[in-house]
Amino acid sequence: MMQSLVQNLVHLLVLLFFPLLLLGVINRVKSWAAGRKGPSLFQGYYDVLKLLQKGAVYSYTTTWIFRTGPLVTLAALFVSGLIVPLTSGSGPLHFAGDVLAFAYLLALGRFFTMAAALDTGSSFEGMGASREAGFSALAEPATFLSLAILCVPAHSASFATALAKLPWESWGPAHPTFLFAVVALGIVLLTENARIPVDDPNTHLELTMVHEVMILDHGGPDLAFILYGSALKLLLLTSLLVHLLLPIPSEGSAVGGLMFLGGCVGIAVVIGIIESTMARLRLRSVPQLLIGAAVIAAIGLGFLFYRGEP
Amino acid sequence: MLLFALLLLPVLASLLTWIVRRQRFQLSVLLGGALLHAGLTVAVYLVPEPSALGGLLALDPLGRLFLALISVIFVAISIYSAKYLTDGTHDPPSAPHRYVPCLLILLATMDLVTLSQHMALMWAAIEATTLASAPLIYFYRRKAALEATWKYLLLCSVGIALALLGTFFLGIAGANGPEGTPRLILSTLCQVAPGMVRPWMKAAFVLALVGYGTKMGLAPLHTWLPDAHSQAPSPVSALLSGGLLNCALLGILRFYQICLASGDAQFARELFLVLGFASLVIAAAFLIGQRDYKRLLAYSSVENMGIISVGLGLGGGATFGALLHIVNHSLCKAALFLLAGNLLRNYGSTEASAVHGGLRQQPRTSVMLLVGMLAIGGAPPLGPFVSELVIFMSAVHRGHPWLAILFLGLVAIAFLGLASVILPMLQGSGERRSHAHPGHDLLLASSSDDGRHGLGHILARHESGWYLIPPFGLLVAVVVLGLYLPPPLTAALNRAMALLSG
Amino acid sequence: MITAYADLLLLFLVLLDLYIIGTGRLVACVRGAAAQGALLSLLPLTLGHHLDIHVGHTLLLFVGTLILKGLLIPYLLMRTIVHTHVRREVEPFVSLHASVLLGALLVALSFWLSQRLTLPRPPPSSLLVPAGLSTLFCGFLLLVSRKKAITQVVGYLMLENGIFVFAQFLTREMPIVVEMGILLDVLVGVFVMGIAINHINREFDHIDTAALTSLRD
Amino acid sequence: MLLVSTVATFIACAAGAGVAGLSLWRGDGSGLVALWSLPLGNFHIGLDGLSSFFLFCVFLVAGVSAIYGAGYLRHEMGQRSLRSAAVCYPLMVGGMATVVLARDAVLFLIAWEVMSLSSFFLVSHDHSHAQVRRASFIYLVASHLSAVLLFVLFAQLATAAGGFDFDLLAQLGRTGQPMPAATQLFLLALVGFGTKAGLFPLHIWLPEAYPAAPSYVSAVMSGAMSKLGLYGLLRVLTFLGPPEPMWAVTLLGLGAISGLFGIIAALAQHELKRMIAYSSIENIGVICLGLGLGLLGHSLQNPVLSYWGFTGALLHVLHHGLMKSLLFLCASSVRIATGERSLDRMGGLLRRMPWTGALFLTGGLAISALPPLCGFVSEWLIYLGAFAGSSGSVGPLSLLSTLVLPTLALLGGLSVLTFVRAFGIGFLGQPRTPAAEQAREVGPLLRLPMVVLGLGCALLGLFPLAGVGLTSKATFSLGSLLQVAVLWPSRVLWRPLVGITVTGATTVVVLLALIWLRGRLLRGRPIEVGPTWGCGYSRGSPRMQYSATSFSEPMVELFSSIVPREVHYKAPEGLFPRDARFDERPHDLADERLVHPMVERGNVIIRFLRRLQQGSIHTYLVYILVTLLLLLVWQLGVTSAVPGASGAPGAP
């Protein structure tokens, strides 16, 4: 009892304070690759704190949707954060089918981000929303196929049981299925978090933006929430990858926690490297990438059945 | 005695109206005659009549059924005509004073058809109906009406002549009995039927089917029917469709009875099926996107004759369905023609495209027309639905699922054809006339609201009770038959069916 | 030996068929039809005792047929011709010569058919069936190949005549009432048709039925 | 008259819903048989779990919509006679109820036809528009032709069973071994009922009829009537004996196709109601996926799968009833307020019609299956079914059930896209037309039903236990009727539902906390109001906003093979382009590839037959002759086309 309480406390703390660090890591890696010194690892925290102290400016075209949009998004992300297992094998909130709740909460957040963007009536933000919606819709099959790979062996649609039953002994080349899942989830992660090669987080030309352009009009605390929210999203998908890649003990332990944090940082570094080495894809070819991801995951799933795993 | 009364009453009445030509008098005679006739029919139902004239005249259940139908419809149309004639009509009538006498003579001849047991006499009667109704079709002084009349006369006369040949063939076929050629009395023929020379009997039936079928309106012999029905004044069309076609059908049924008596009626059933389906197909093709709504109703009669003969062709339980459908169709179609008359009176044209927004302009007529359309189209819970369902079911039961499906499909298509024409007439804002695109997309004929103001609004007049009560009565009957078959009717149908099942 | 007369009559009947088909003059057509009627009226007399029919019946039939078919009906037609001032059948669908040939063919056909026919009992005259059939066929030929309304009526008459020939089988069984009824029907039929033709002539200024095609789909 | 009919309908619906709900809690109701004088069939009605569930849905939707209808028709009073509407609506509801209750094939068919015809008259209510007339006629054609198939189907069944009574028919399936030609009958039923339900190739009438009908009618038709197609299918399945794997596969395939087609087509639409109509094709597809999984559970011997599948499907029937009617009612409120149909002519409505806007948002969220609203629950159950199926035995079937996952996922993603577009373009931003500018919120009589439905969506989403409890009886009676084993719901199965509740509640709590926090932070700080940041371009006008067309353009482009469009595009030319325009009109795939060619062929045939009646009397005479000769030859043998040839030749 006590133990699980501590576990949940740790989970909450990680959820609250860890995400922004990942952004810092990515940016630092990128600046290293570019041969610059780069901003501090904690730049994200500074930004959020600064924004939280500011006032707000709203367009007179906007309605309460614009004001509550970021909040709903953040709330949805946070609750899905409670579902996803971080340092231990299970989040505070777990039940059969929580996998789906997780995925659909992300979708809920997306819905309100786009709605808020459209609320401004700016054609640029509308454009961004359209792109985001399309990409994430196409990302869904890949996501669910990978989740299926995660859950089918465990006969359960719950993170806790699924992760507990991952066949680590046969992990690796003997069982490439999970590699497929990792690749697919990786692509999903880059898409969902508006990363190269799908989107360029620090482009300055609105016409080329996807995610950034949707939040052009937000300022003050709202923007802070949005920043934190996107970092949170990054953490969530990253944690899935980490759990696929590292055998983190299902009952929380210091070792597990450290493994997890290390894994997250590692993946952040990988993202940073990808961002600094790869160019961004043309918008038209993004769907192909996502469909490709879905196909990869599907092959993995088929292999799973071929092996007669379930 | 009553039989003679049935014949003489209309004849005398018509003579009377022929001599005294005052319209009011004529109409009152017409009404009185119709009611008296109805009374006589009831009387015939209550007290069974012995045969008369040495078996020339008798009233068997089949004839009685048809007689009842005729007299009901006749009452309806005579009520309708009462106002119809006194109101001014949109065309100059050629000879209004001939209307009532001819109508009454027609009634007499139709009675004779139902009464006569002698095949040749029945032939004479049926031919007589043609001659009596011809002047009625040429009621309006119109070239088109004249053309229709001519075609009606010639085609029906030629066709019926063939039926006469068939009648003689029956005699020849029966001639190898011990007592030589039989008398052409139905009962005698039925007795000698088993011994008839088959080929002659078959030939006789084919001739009768083609001959009387021409008058009954079986495709492809129906060609006169749409012309005549569209040109005749609406009450006459009602009588033609509701009464006259049945008379021709009765002629065929008599031959069918003999075939049944002879023991092998299978060939007759096949013939019924073939002509029935031909009628269904052709009628459907002409119903869809039909431009003249009276022709539409005429083709629907062809379709229903097809349904009836399909029912006869299937035999067994379907025969009951066919008889029931005869009843339903007569009532429903008569009502529809009367209602069409109301529309015609308002809009002054039988062009479907000239009628628009009926529901706004003549709500009562239009609603009744809608009900009638649904009924004749076989939509539940209305009369024809029941009879068609019976036919369909017995088709399935007797192991012809494909025939059943074909039948149902054709009926459905026909209904859609009806709807595709009638709905645009009734729907729409009555303000503007719509434009039918001839030949364009017949299946889904959609009508757009452009065009000029219609004559309808000048003519638009209140729908008087005389025009509404007769169709209303008939439709009530149709609706009731859809929900409840009164036992007397069932009994009558069963008795008639007994004659038609070997 | 009486049947010999019958055969003669029937032969004449067939010849008249060809004559009617061959002529282009309406009056001639009608006269031919009248002659046919007369012949038919004689037919029962010649066959009468062979079919041992009651003499009174036969006589009545003879008189009735003669009056109706031989006199009244032709008279009506003649009157119509006079009223409508139509003299001859111009441009029929099938030219006159061709239709004569056709008629001959039809006659041959009907003889062939009647060769193959077996009647339940021997007919009073071996020519009865072929003559009846050929008259019937020729009537139909006239009906479908001529344009003038009157000629079509004549064709209808021939049709009736042909059928009337078949009636000879059954004269004994036919009540006189019915016989008369049938004849009356034909008469009234022709009468009504005559009226119709007059009307047509008045409305259209011609009686060319091929031109009556306004009612169509 | 209108008032009377509305009140009567509403009371009847309330009572009926009450009865149905009661029997759902209490257990199976009983039947009633009344003899009937019709030659076929008796008046036999009955109430089992399945019926009472569908009855409940029907009455719920119909009752709520009746109120809206009263408010809706009030706007038309005096313009046209509302008598037909006032008569046909109760008739339609009665027909639907009878369809569900009927235990006799003839009664069922009659009720079915009554339902179709009355709804046809309701669809053609606004028949002064040629477009409406056309749509209603197409609807008539579709429902009539499908009815023909149903007649054939039941005729076959009745012949096999020797009677029309459902009890007799049910015996067919009880014989143990599958009845002969069961699969053909299944396909017949699928086509016949699928037309009413609006499954993919048979849906053509649907996007025409729903927008044409008054919205409160489309609400009922989409929310309740289309489900009756599925009810009929299930009912017939119970006569055909234990389901075969093939059926499950067919249902799954059709469901997936309909779902994808429906949502993609919806994405391409510009008219609001048309879009909602297509979206209901998608949802029917989702329900079919659930049913397919349920049947699959039988062939996989996986009762859990059956349970999730059936429960999810049935629950989605109820939920879709709520969401879809809510959306239709909102759409009609917008129509009343602005008179606009097309999304591209709306905009900024949330500000002007706060209630309608918020409720449309609710409906949109619910139908895109987003938590914590009801749509999520049912799809979630189906997902669980898919997972359970994948984990049963190994083999193609279980792989199939796993493939349901990505399908549903794609559907979810696309419907989010669709409804963000609808809500964002229609209700947010600035008004695009003066009509939208002048929009005012609709009256309370119209608002009330929408609010009720919205609350329903929210509550059923937050407390799925209620919905599942309501469904369970139906699920089990369905299972027993189909002879499919379904697992009894135990704690194991119900705990996740509590999980859903907790998740939803937490989300709400966190949201409230955040709102409070934001309020705290902004207290006493300057909150300025200015123009939208135009990325340097300072003179943005409403016409420059992203339109619905442009919003969905990339996706529609991607799926252009599924949504054929006719595009009118005039590119800007020269240095100073005068005018440039882009205008696209989405067409229907099935309509273009399937129906139109058939209609064309039919027209050709008809034109050919029409040559028969050319008006020449000579031709007619020839017809008589030819018919005579043909029949003679046929009857008396070709060798001797004459009587008597059989006998010895020659005359004496």
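A, B, C and D label the chains in the order they appear, each numbered from 1.
Quick note on the criterion: a contact is a pair of C-beta atoms (placed from the backbone, for glycine too) under 8 Å apart; a residue touches a chain by one contact, two chains touch by 3 or more.
Quantities reported herein were computed from a predicted structural model and do not represent experimental measurements.
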| item | value |
| --- | --- |
| Most distant chain from chain A, judged by the mean position of its C-alpha atoms | C |
| A-D or B-C, whichever has more C-beta pairs in contact | A-D |
| Distance from chain C to chain A - Cα centre to Cα centre, in angstrom | 101 |
| Distance between the centres, which are taken as Cα means, of chain D and chain A, whole angstrom | 36 |
| Distance from the mean Cα position of chain B to that of chain A, given in whole angstrom | 78 |
| Centre-to-centre distance between chain C and chain B (centres being mean Cα positions), rounded to whole Å | 31 |
| Residues within chain B bordering two or more other chains | 150-151, 154, 158, 169, 197, 200, 226, 286 |
| Residue numbers of chain D (touch at least two other chains) | 610, 613, 617, 621, 642-645, 647 |
| Shared interface positions of chain C, touching two or more other chains | 119, 143, 209, 212, 214-215, 217 |
| In contact (per the touch rule at the top): chain pairs | A-D, B-C, B-D, C-D |
| Partner chain C, residues of chain D touching it in the complex | 610, 613-618, 621-622, 625, 640, 642-645, 647-652 |
| Contact footprint of chain B on chain D as seen in their complex | 37-40, 80-81, 84, 106, 109-110, 113-114, 117, 124, 127-128, 130, 133-134, 136-138, 140-141, 144-145, 147-148, 151-152, 155-156, 158-159, 599, 602-603, 605-607, 609-610, 612-613, 617, 619-621, 623-624, 627-628, 631-632, 635-636, 642-647 |
| Of all residues in chain D, those that touch chain A in their complex | 347-348, 350-351, 361, 365, 368-371, 376, 380, 383-384, 387-388, 390-392, 394, 398-399, 402, 405-410, 412-414, 416-417, 419-421, 423-425, 428-430, 495-496, 498-500, 502-503, 506-507, 510-511, 514-515, 517-518, 521-522, 525-535, 540, 542, 544-546, 550-555, 558 |
| Residues of chain C that touch chain B when the two form their complex | 119-121, 136, 143, 149, 152, 156, 159-160, 163, 166-167, 169-170, 172-175, 177-178, 181-182, 184-185, 188-189, 192-193, 196, 199-200, 203-204, 209, 212, 214-215, 217 |
| Residue numbers on chain A that touch chain D, as the complex places them | 52-63, 65, 68, 71-72, 74-76, 78-79, 82-83, 93-98, 100-101, 103-105, 107-108, 110-111, 114-115, 117-127, 129-131, 133-134, 136-141, 143-145, 147-148, 151-152, 154-157, 206, 216-217, 220-222, 225, 283, 287, 294, 298, 301-302, 305, 308, 310 |
